[in-house]
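Shared between the two complexes below is chain A, which pairs with chain B and chain C, respectively.
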Partner chain A sequence: MDIRSQISMVFHLDKCIGCHTCSIACKNIWTDRKGTEYMWWNNVETKPGTGFPTRWEDQDKYKGGWEVVKGELELRSTNKTKTITNIFHNPNMPTLDDYYEPWTYKYKDLFDSPEGDDQPTARPISMVTGEEMDIEAGPNWDDDLAGSPIYAENDINLDGLSEEQREQMFAIERLMMFYFPRICNHCLNPSCVASCPSGALYKRGEDGIVLLDQEECRAWRSCIPACPYKKTYFNWNTGKSEKCILCFPRVETGQAPACFHSCVGRIRYLGVLLYDAKKIEETAKFPDEELVDAQREMILDPFDENVIREAKKNGIADSTIEAAQKSPVYKFVKEWGLALPPHIEYRTLPMLFYVPPMLPVMSAQEGDSVRNVNEEFFPDFDKARAPIKYLAKMFGGGNESHLRYVLKKQSAIRAYRRAETVGDIEKIDADKALLEADCTAAEAEGIYQLTSLCTFEDRFVIPAAHREEAIEMMKDPLEHKQETGFGFRDEPERGW
Partner chain B sequence: MNMLQNYLDTFFFALFPYVTLFAFFVITIQRYRSKSFTYSSLSSQFLENRQHFWGLVPFHYGIIAVLTAHFVWFLVPGTVLWWNSIPARLYVMEIAMFIFGLMTLVGLINIVSRRKTNVRARIVTSPADWWVLGILTFQVITGILTAYFHRWGSSWFAASLAPYLWSVFKLSPDLSYVSAMPITIKLHVVGAFSIILLFPYTRLVHILVLPNPYLWRKPQLVRWNWNRRKIRTPNASFKAKNNN
Partner chain C sequence: MKKVFSINTIILVTLFIGVHSLLFSQSDPEEFFEKNCFSCHTIGGGRLTGPDLKDVEKRKDPAWLEKFILTPQSVINSGDVYASKILKEARGVVMPKVANLDPSMTRALLKFIREESGKEKSRFAGSTLADRPLTEEDYKIGNALFIGTKRLKNKGPSCISCHEIAGEGLLGGGLLGPDLTEAYGRLGGKTAVAAWLSNPSSEMMSPIYKKHPIDEEEVLPLVALLKSKAEGKEMISDAHDFNFMIFGFIGLALCLVLFDLAWWNRLRAVRKPMVKGELS
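For the complex of A and B:
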């Protein structure tokens, strides 16, 4: 065993209200510099939809992630030979138009225009070229357009759905949508890292955050196609790629990342997972349908004596082990089995997990009235508005059983709580529902608490960074403390 | 006239090379040490993707082949002369190099026209880029003209230019090899030293950071800010960057 600790995340999709506060919080801190305007390290998509950049899930086009070729893991976009032949021109490189051309408005015209018959307008101008432009797309252009033929019907996850299922999804009275906020998954088997010819990308040993060293990036741009989630971005101004840093300066000082902190729906959870790094490669090779289970298998029980011993042997701090025991992510992913990785079939082993949406209201219009068509506690998920197959493609590596399990458990908990608070469901039925959903009353209570009544401290369990120990190795920590805050750094100035 | 030519020859072939080489070594290293952030290929593919292919690909394949050939001629002139002693081999080498030269030129024309016509590409084009593209075009054209008008360059390069270059490196420049050369060849030599001069001040430094370690490293990289396993062994020294 080679136990490492990973800061991991859970997003509860039923709670996301699609307000984009997270995106703005991130943008204001990290990506409002020249060359980064188009980047959204955190973005929120409407599903079904095409996402950002457009159709990022289409790996035939972008060649992101890994595939298993003759029993070996290989990057889809590159390898040692292709690194040489494609370095001058990368055939899978997305361009600005796959994202959008960022713009602002000529507000000055509102004040400076000469007097005339018409109101002055502020024309949009490109933040790349500075020229006037027609706005044709934006980072959330498909927001709330779940029924539209341009966006929703081009969702790649609909491939493989039967005609009937598709029709179901797009029948007006059954239209459904949910929000899908995305950041870098800080993967265990990151394809961005494996693709970088310069070795500029790396995973931090202590907490698993994946970073891109700005000093070492040379704009070979391999990581851009290689990340299947399109979460490395190219800064066209500095000639360096950039990516989500999980707000590590905040995390190291015990604060939640900005998108987590600001999340209005409180959908975001952050905590430590302990995992066995020896198993990464073998896990990433499992067949698609078994990947979710295999990844869960890597995640270790932080209460297990043996695990604790091995973790300590590996230098993991006691405070980190303690944080792992309190980790909300551990509960959602491992204890309750409620949170699933996005598109695990890309085999990067993402460490951001999603509680899939229930989209529960299964009502239908009859004449003038809307009636609940489901009298059961367990709605027939096969008739649900989001076809299970669709959700399984996003969150189950195609394996529908995980989705059934999660949805069943979630609805059982709702029945259970309804029996407690409203009382129009018999206790005995609620208990039966729990039993069938592989859930105990205590577990249901835990899930309910952490979903509905969670405080900051419940949602974000951030281990101490223990920087002082690193410093101690080099010099007296007190001396270091007196020195920090001084010194010079290079400006990130474009090369010549 | 002869006096003037003497002065010019002395300046361009005995003095100028040292200026350029000095700048090359001192500034390049200095820049790497103090401003390594600026070492980048400054790719503009993200902004324009189509013409990019027809410029960058032929240019690079062409220039890398031609440059490699020049290095070989310079380093092992004897072997080159031996190779060329059979005319068929000489023709193959000459024709191949001529084609690579033309590829370079085609690529350069595309690169220049792309940077001229595409608004987005123009935004990321600096004066230094124009200097580089200008001098490279000059160099490729004089190179192609030389190849065409003064045939079998690989042979006479080995016989007279290589010794001159060696004499420069041995710090006793021997002008007798070059002073009688035709003007195109002289221009080509001066162009070469100008490129060396521009090198540290432009994006050409990207050639030095070519990513060879990728070919033998493991795919995944982990860096420990501090390795607590080592922290617990008091004798181990600390290494800030520890790839594993």
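For the complex of A and C:
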């Protein structure tokens, strides 16, 4: 075993209200510089929808992630030969238009315009060229318009749905939608790192945060097609790529990353996972449907004596192991099996997990009237607004059983809580539901607590950073002992 | 870091060996004369391109000679009367600055010339080339050698890679060396040209043709070519420059087409085709 620790995340999609506060928190801190206007290290997408950049999930176009060729993992976008032949132009990058042309408005015109018959307007101007422009697209174009005939219907996750399923989705007056907030997944098998010809990208040893060294980056832009989630961005001003850094300066000082901290719906959880790094390659080669289980298999029980011993042997600090034992992510992913990785079929082994949303059908249109179609609160999931197949494509590597398991458990917990607090469900029915959903009362209570009543400390269990140990590897921390501590603007003549 | 060190060391050693061999390999004035002077000068054999050097010290004092040999152009530029005279005799051909020549070698050369002048017949009294008449066949071979359709026997580069000559080559020839259309007359006729070709000693040509000399049998055909060109009426035309430009444009266009084909399947855009309903 080669045990390492990873700061990982869970986003609870049932709680996301799509307010984009996370995106704004991130933008204000990290990407309001020149050259980064179009970047959204954190973005929120409406699903079904094409996302940001447009149709990023279409790897036939963008060639992101890994594929298994003759039993070996290979990058889709590049290899040693292609690195040379495509060194001046990566052919599978999104264009600026596929992201969107960032804009602002000429607000000054509102105040400075001469008096006239009409109200002055603030015309949009491009933040790239500074010239007036027509806004054609944005980072979440058609936000909240899940039925939009262009952006929603071109969602690639809808491919493979039967005509009937598609009709089902769109028949109910196109009501189905949910939000999908995304940051860098800080993958275990990051394709961006693998693709970089300069070795500028690396996965930080102590907490697995994937970073991009601004001094090493040589603007080859290999990471941009290679990342299947399109979470590395090229800064046209500095000529360097940039990406989400999981607010590591905040994490190192015990604070939650800005997007986590500011989350209004409190959908975000952050904690440590211990995993076996020896299994990465083997795991990434599993068939699509088995990937979710295989990745869970890599994540180790932080209470297991053997795991603790091996972790210590690998230099993992006691405080990190303690944090792993309290980790809300461990509970959601491993103990309860509620959180699932996004598009694990890209084989980068993302370490950001999602609790998929429940979208039960409550009413349907019949003729001109809308009628309640369900007496039960959480009926057959196969009739839910989001077809299981659709969700399975996003979160299960195509395997529907994981989605069924998660949705069933969530609905059982709701039934259980309803029996407890409202009383319109019989206790015996609730218990039966729990039993069917592979859940005990204690577990249901735990899930309920962490979902609904979670405090700041419950959601974010941030281990002490131990940067001093990392620095020790590079230089002697006592290098300046007995030398400094007191400075002079002008050196005293006698020296110091 | 260690690796860089060893590469640097190898480079330094190689450089040192190279410089060392350059500095010390030509320490013999006789060898130096043969390689660098004999193409234009004889000792007691009459003038070629440059004057016969027999008893040169009787004509001019050693200090002047040393200065002229080291820096011919600047002595001429200084308005020296004798220098202007010999320049005129050489029909305006300025003696090239000789590569790797230093004051001590110059003195050794002068001493060597003095010694050779004392001999009854110096081995540098004249060219050893067969003095046969030039034929039409010679011209044809010379032409082939010049434009490179026939390779020089000792693998030296063909003339056209650096020189232009009237009427040869669609794009003209190289522009590094001078136009050779008039070279025959300029150098002073058959013997002088032949001597030059057997041992080209300009700064540019000498290092190249020392390693890959022009074969004796190739000299006369080239002389024949140069002679015929000098006698012809044809001059270098400006059309070559124009042709060159046109070829450049065609080449560029071909390259662009080629690149476009090679990267035909590149991702051009996603959103716009999607909005237009043209997404494949």
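Going forward, the second predicted complex is superposed on the first by the 448 of 496 C-alpha atoms of A that agree within 3 Å, B and C clash if a C-alpha of one lies under 4 Å from a C-alpha of the other, contacts with A are read in each partner's own complex, and residues count from 1 in each chain.
We take it that contacts are C-beta pairs under 8 Å (C-beta built on N, C-alpha and C of every residue); 3 or more make two chains touch, one makes a residue touch a chain.
Small disclaimer: the values here were computed from a predicted structure and weren't measured.
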Looking at the combined model built on chain A, do chain B and chain C fit side by side or clash? clash
Touching A:T50, do we find chain B (first), chain C (second), both, or neither? second
Tell me the contact category for A:Y62 with respect to chain B and chain C: first, second, both or neither. second
Which partner chains sit in contact with A:W220 here, chain B, chain C, both or neither? Use first/second/both/neither. first
Greater residue coverage of chain A in the superposed arrangement, chain B or chain C: B
Have a look at where A:P342 lands relative to chain B and chain C in the superposition and call it first, second, both or neither. neither
In the superposed arrangement, which partner chain does A:M93 touch: chain B (first), chain C (second), both, or neither? both
Touching A:I150 in the superposition: chain B (first), chain C (second), both, neither? second
Have a look at where A:W236 lands relative to chain B and chain C in the superposition and call it first, second, both or neither. first
Partner chain in contact with A:E131 - chain B first, chain C second, else both or neither: first
Given 151-159, 187-195 or 205-213, which part of chain B has C-alpha atoms clashing with chain C after the fit on chain A? 151-159
Check chain A for residues that touch chain B in one structure and chain C in the other, and list them. 89, 93-95
Residue numbers of chain B touching chain A in their complex, please. 34-49, 52-53, 56-57, 59-61, 119-120, 123-124, 126, 128, 201-203, 205-206, 209, 211, 213-215, 217, 219-232, 238, 242-244
Which of the residues in chain A come into contact with chain C in the complex? 50, 53-55, 58, 61-62, 89, 91-95, 97-98, 136-137, 150, 154
Residue numbers on chain C that touch chain A, as the complex places them: 263, 265-272, 274-275, 279
Going by the contact rule at the top, pick out the chain A residues touching chain B in the complex. 75, 80, 83, 87-90, 93-96, 128-131, 189-190, 193-194, 196-199, 201-206, 214-221, 224, 234, 236-240, 280, 314-317, 466-467, 469-470, 473-474, 490, 492-496
